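Before anything else, here is the set of structures, which you'll find just below.
Below, chain A partners chain B and then partners chain C, in two separate complexes.
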Partner chain A sequence: MNKWIEKGLRTGVVTTPYPKGRDEAAGISPGLPDAGAEVQDDNNTIASRCPTDALQPTDGPIKVDQRRCIHCFRCVRNAGEPFPWDSGFEWASLMSEASVFPPSFRRSLHIRVIDAGDCGACLNEVKLLNNPYYNMHRLGFFITPTPRQADVLLVIGPVADHMKIPLLKAYEAMPDPKRVMAVGVCALSGGVFRSGFIVGSGVSDLIPVDVEVPGCPPPPLAILHGLLVLAGRSEPHQFIEPANPVEGGVR
Partner chain B sequence: MGIGLWLLIGFVLYGLGIAAVLTVPSKMCRSMLAGFGVAGSLALLPAGFDALFRAHSFRAALWSIFNAGTITITADHLAGFFLIVTALVALPSSIFAAGQLQTHPIRHPKALSALYLALLIAIPLVIIAADIYLFLIAWESMSIIVYLIITSSERERSAYLMLAIGELGTLSVLIALLLMSGDHGSLTFSALKSNGSNLGIGLRWTVFLLSFFGFGIKAGLIPFNFWLPRAYTNAPSPAIPLIAGATLNLGLYGIIRINAGLLPHPPIGAGVMVLIIGSATALIGILYATIEDDLKTLLAHSSIENAGIITTALGAGFIFLATGHHTLAAMAFVAALYHLLNHSVFKTLLFMGSGAVEGAAGTRSLDRLGGLLKRMPYTGLFVLVAVLSISAMPPFNGFVSEWLTLQALLRSVVLSSFSIKIAFVTAGVGLALTAGLAVTCFVRAFAMGFLGIARSEAISRAHDASKAVLTPMVFLAAVCLLLGVLPTTVIPMLDRVVVPITGASGTGALVPNFFTPNETGSRLPSDFVAQFHNLGAQIGRNVIPGPGLVVLHRGGTANPVVFAMSTSYMFIMLLFLLAVSGGVVALVVSRRRKVERRRQWDGGVRDLLPEMTYTATGFAQPVRVIFEAILRPQVVEHRETLTEYFRIAIRRRRDEVYLIDRLVLNPVSAATAWISDGLARMHNGRVNAYAGYVLLALLLLLVIASFG
Partner chain C sequence: MRIDELIAQAKVIWEDALEAAFNISPQEAEFHCKPDRMNEFCNWLHHQKIYHFAGMIVEERSNRWDIHYLFYEEGVAVRILVKTGGPLDQKSFQSISRTIHAADWYEREAEDLFGLVFEGHPRLGDFILHDDVWQEGVEPMRAGFNIGAALENHKPKRDWRPRRIVRAPGSFIMPVGPVYSGDAESVHFHLETVGEEVIRVFPRLFFKYRGVEKIAEGQSVDEALLLAERFAGTTAFSHALAFCMAVEKIGPTVVPERAVALRVFFAELERCRHHIGVIESICNSTGLAVAASQAAILEEDALRLACELAGHRYLFGLVVPGGLSCDLDTDRCCQAVNKLKGIVQRLNDLDQALTASSSFLDRIEEVGIITESQARDYELVGPVARGSSYCNDLRRAQPYLLYDQYDFEIPCEQEGDGYARLRLLFAEVNQSLRIMDQVTENMPTGPVSNPYSVSPGAAVAGVETPRGATWHWVRVAEDGKIARYRPITPSFANWHGLHLAVESFAFQDFPIVLATFGLSVSENDR
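Our next item is the complex of A and B:
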């Protein structure tokens, strides 16, 4: 045991400086296409490279839908003119001001994670929140096994048919006030599955979503940002209107 | 009125009861049973108290038998104590039996009622018998009546087993008694007693072994208790509280009567034997109770456990007696008798609870029960009291006696012999493990039976038992609490039984009177008294008459208090804390707040089936795994294969054969079968062979005769 103490003292603090400072470690985020970029795409050359319709051609500049981007980098790599890239991670967007928890919840939230059919990537990132680098406990966030004690329902995955009942039951079982956090593009829009034959097109089909964290998967700091936004301790990336049903229709 | 009159009234009432239940129409038979049972027990109760509190034991010669002496009865303090216990059990049990007969009619209610009242006559007769004749007659009628009660509803082999093994016990007791009587010819107990001190050491050991194992069969001690779980499981539910609460005691009564009354104290080795057998019985009993699924069988195994605890305390008492520590012996005997009293009360209550549950839910299997507390709140409450008592939770009665037993075992430090100390430590460890397992066992029994969700249709339609069933349960639950919070009143009463046995008083060692700091007397250092006073142990000195409220054992000047506790103050404190916390909760809850009721969280499964919830088998699984070496389960695997390669189901069944069955009953029955096989081969039906046997026998006789 004395070796642990010695090693720990020698290693020092490794936890990320976020949210007090800026985390500029290499590879901390894959980044997303810059939503604010005004890129003209006359011949539909850039938008056509996007496999998930995250870049939609319009009459004006390209419309960027971050809820669909899977960071495939096709719009950046080997493109004639690389699409402007947002390499940060503070992407969480809020439905409305009312989605933020009341002030008494500022210091601590309990989270119930529901894996509604994800591929494992988002789950991995959620798991990383517990490790010494991200260490979400220092910010007062805790994972709880029962929805009865949870404030936040953190949903990942596109909501497979068989997870609909458990998801609804868990939402039902949570005491008010409760917030739903959709993490990863699958949970936001169905992602690469997009209303496949056994999956829905995101959480908002079933239960109202309060905060959305895009990314495929979103880096742990993005999830952390989402939680901080819910607790009212950080500013959201943007306010968004409730998600529209994805093109292609909902079954 | 004297004790003789009370006894006479009791017996006459019971006898009238038998006549009444047999003559009145079937419908009224229940009320006759309850009425005469209660009236008779109410007469027995003052008889018992009278016997306990009179200075000289009551003795009466009834009539003489030609050439054999007189039939006599006697009621000393010991008999008085057992009369009280019997009456305390019989009083509520009679009402319960009537209530059960009302809601759950059986085939022969009249026969059962008559047998029930006859058992109520036989049990006090065993206790007051003062000569071998009456004792054996009462003992045998008791055994036979219990046998008839068990067979009255269903013809069960378990009853035959009980009768057969009970007869073995009676036989060995009879031999022991006759050995004690020697060649004097008088068969009264007083003659046995005067003869007892003249016995040689070898004869004393023989008498001890025969009587201990003979009575041990009735008390459910190892190695002859395999009949008990079977018989209790098959006994009809109206009668089982009485059988479990009163007849089990008689075995222990016999052990105490012979080894601590008639004989001078047994040799020290015998004490060690009692100690070890007692703790082993307790451990094996509770182990099988913890893994048992059937509620009634569970309680039967728990009876074995409690008999073991009582026997352990008795063994400690015998050893202290043989080594000359009379005060400690008195303490151990007080612990044993206290636990005997407690066990009778809470086990009767538990069997009533199991009867009520079986009646309402239609099953006794813990895996099938569940969720009964919502349907049967009162039954649940009283069973909870009994469960807390038997798990030795303060302030209920089981705590006091188990605590005293363990403390008595810990006092083995005063002994000089190292090997006996080891025996004490082993027994103490066994009892500690027993106490822990008992909590597991009864948490499981209560939680799986009464909490959770209903596991069957019948349970969701169940409702609380009738008043006739609940009233006796209230009574016994109240007795549980009273015996728990007033140990300082109960111990002096028990002490009256113990003083003639040990020659020393346990009261002086256990229950100090209230005292003031100024009048210290000579026995206590004054600074200790001051400290004791400052601790608050004197509260109520001016209000409460009689002894103090603290059970306290004094040591020397170095350690003035060896052990001390007070369930009375604990109870008062508990009430106070409950009131305070209740007030706080009421204050907080009474604020206006929104209350929402939502469905229980079931882990998100599509349908929560009752089978999916935590079962009793699952709860006991850790115990099963830990004690696998003792339980030796046989796993039978059954594979169902649809076609050659497609397996559709694998079923695994664990069969746990009772340890005593495995070690004693099965080998004996196998040996018997082997011998009778051999005999059967001799009887082959050929005349020549039989002629040969005759010739052979003749030849053998001639040879013996010629040499002799």
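Our next item is the complex of A and C:
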């Protein structure tokens, strides 16, 4: 047994400086198309490379909807001008100021993860939050096995039809105040499965969503940013209108 | 056996059962068999000629059913398609699962999705579309099926009850899932028990069924590639590769040498990362926190390495029909291999430490045993099969890319228990590194992609993913759109066999056995 303790101690601290400092290690994020890029698309060649309409041509510069980007890299690698890239990870968007937890929740949140049909990549990135590199426990975030103790419902996947009832049951079992975090493009809009056996287009068709984390999959730090935003400890990337608001969502 | 010999032999023995027998290519034969003789013929092929059963592909053509059964032989790159079928109003075919048990789930799947009945199959129904959510008669893979309308018209069976087999005093069903544990994929288990021991386990899958095969229909090749890559994200590269290899075969498109070498490189990188992840979850399942953290660090290192090289942690967007979407200079490959050597070195240290931890070994040794004959009956694949000395690896059995040019071993273990499967993961990572080393040493120069143009036709391509063999069947229609996309996945084969390993072991072993199988639900459910 002692040798395991020794091995653990020998490894030293590998934990990311984020959120106190900046993490600039290589390979922590696949990035997203730069939302602030002023690229004119005169003959609609750049935007037409995007299979998900994440790049939309307008009269002026291309409008970037990061919430739709599935990291296919066709706007960067296919023939033609590469679209500017943003290599960060603080992408979480908030629905409204009211989505942030009351101040008494600032220090600690319990999270129930629901896999509503993800491909395994989002789930793996969520799992990695417990890895020594990210160690979300140090920030007071804990994954809990039961929705009855959960403050946050972290939903990944496009909500496959068979997962609709389990998802609703888990949501209803949570005590108030509760918040829903949709993680990954599938959960935001159905992603590449939009025309399949899924409920609506994204989680917000079923239950009210408070914070959205784009990415396919979002890297662990992007998910961490989403949690910090919910706890009121970090600024959201932007405020957005929910794509499909649910009437009379309980809060 | 040589393909023309086999065809000649079959023509003599099965003269009255075969409508046609010919070879499509030097490596592929096709037999057209009368529907009422399928069971006998497949039985001969599988049990006497010792061909592996790989899976089944059902196609609804304009006026008939085409049902293909895929077999292959080890070592000589021979693939065999046995084709049968009938007019569309014929709904009933002979079941081959009476003699080839591995076909069991494929027939159940076809019954649920196409409405075909397989005579002699002991149990059809309630498989992909759950009976407690769906009414009978919904056949999503039929042409003209409207998903939107179907989703609005759920008619669940209110009186649905799980099936009970065990009838002993005090027996009960312990339900687990679909939402369980901290961060597990959604799947439901009925564990039948009378106390401590799991007598029977029935995994209820397809909670994550998204209808990938249906979505692909009518899409362009470029669109379907996104699906192939994203239905099982942790092995995205291998599946996208199998899809691309199938469409390149239809094309036909020659992939430049450099791209072929780099494809091997990335496929092996993915295998390393995947195996480290499974090792992490095995350590986790036994509660060995330090070892799990160590493995998790290495997994993250491997993910970062992939992202540095290819821009994406799970290698999305990298493989395209005709080659790769971006080049990687050889120096960076060498640096990457050196980094990976460091990772594997630390992994081997972990291996040694685990081998010296008797409390850990107690939990995985002699639990979850699969025998070789069971592995063969169920046609298990990947590390699960190789842990039971059923040594079947497409890189050797059906060499593709450049695998026949590299020097590497296919590790194999005898015991078939959890520990054998764990040892195998460590051994395979080392072999992958060995292959990557050879790739970088002789990296060909030149472009990384050739122009690719879509042409109509059908083809199947096999790839050894980290979890085992996958076969992707693609048919491109005259208009260049996908008419049928059918991935046969390793998790589908291995989930079928999981119950063998779990039954008659104690409850507390269940999560450990499950972890040693390294199964993916999304890869199975599609």
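Assume the second predicted complex is superposed on the first by the 226 of 251 C-alpha atoms of A that agree within 3 Å, B and C clash if a C-alpha of one lies under 4 Å from a C-alpha of the other, contacts with A are read in each partner's own complex, and residues count from 1 in each chain.
We adopt the following convention: a residue touches a chain if its C-beta (ideal position, glycine included) is under 8 Å from a C-beta of that chain, and two chains touch if they have at least 3 such contacts.
The shown structure was predicted, so the numbers you read here are calculated from the model rather than taken from an experiment.
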Partner chain in contact with A:S195 - chain B first, chain C second, else both or neither: second
Which superposed partner A:A121 touches (first chain B, second chain C, both, neither): second
Contacts of A:R148 with chain B and chain C, given as first, second, both or neither: first
First, second, both or neither for A:P166, with chain B first and chain C second: both
Partner touching more residues of chain A, whether chain B or chain C: C
Overlap of the chain B and chain C footprints on chain A, listed as residue numbers: 147, 165-166, 170
Touching residues (chain side chain A, partner chain C) in the complex: 1, 3-5, 7-8, 11, 14, 25-31, 51, 70-74, 77-78, 112-128, 130-133, 143-145, 147, 157-158, 160-163, 165-166, 170, 191-193, 195-199, 216-217, 219
Chain B contact footprint on chain A (complex, rising order): 146-148, 165-167, 169-170, 172-173, 175-176
Chain A-facing residues of chain C, complex: 130, 133, 140, 147, 151, 178-186, 206-212, 214-215, 222-223, 226-227, 230-234, 236, 277, 288, 290-291, 293-294, 296-297, 299-300, 303-308, 311-314, 316-317, 325-326, 353, 356-357, 359, 520-523, 525
Chain A-touching residues of chain B, taken from the complex the two chains share: 596, 598-599, 601-606
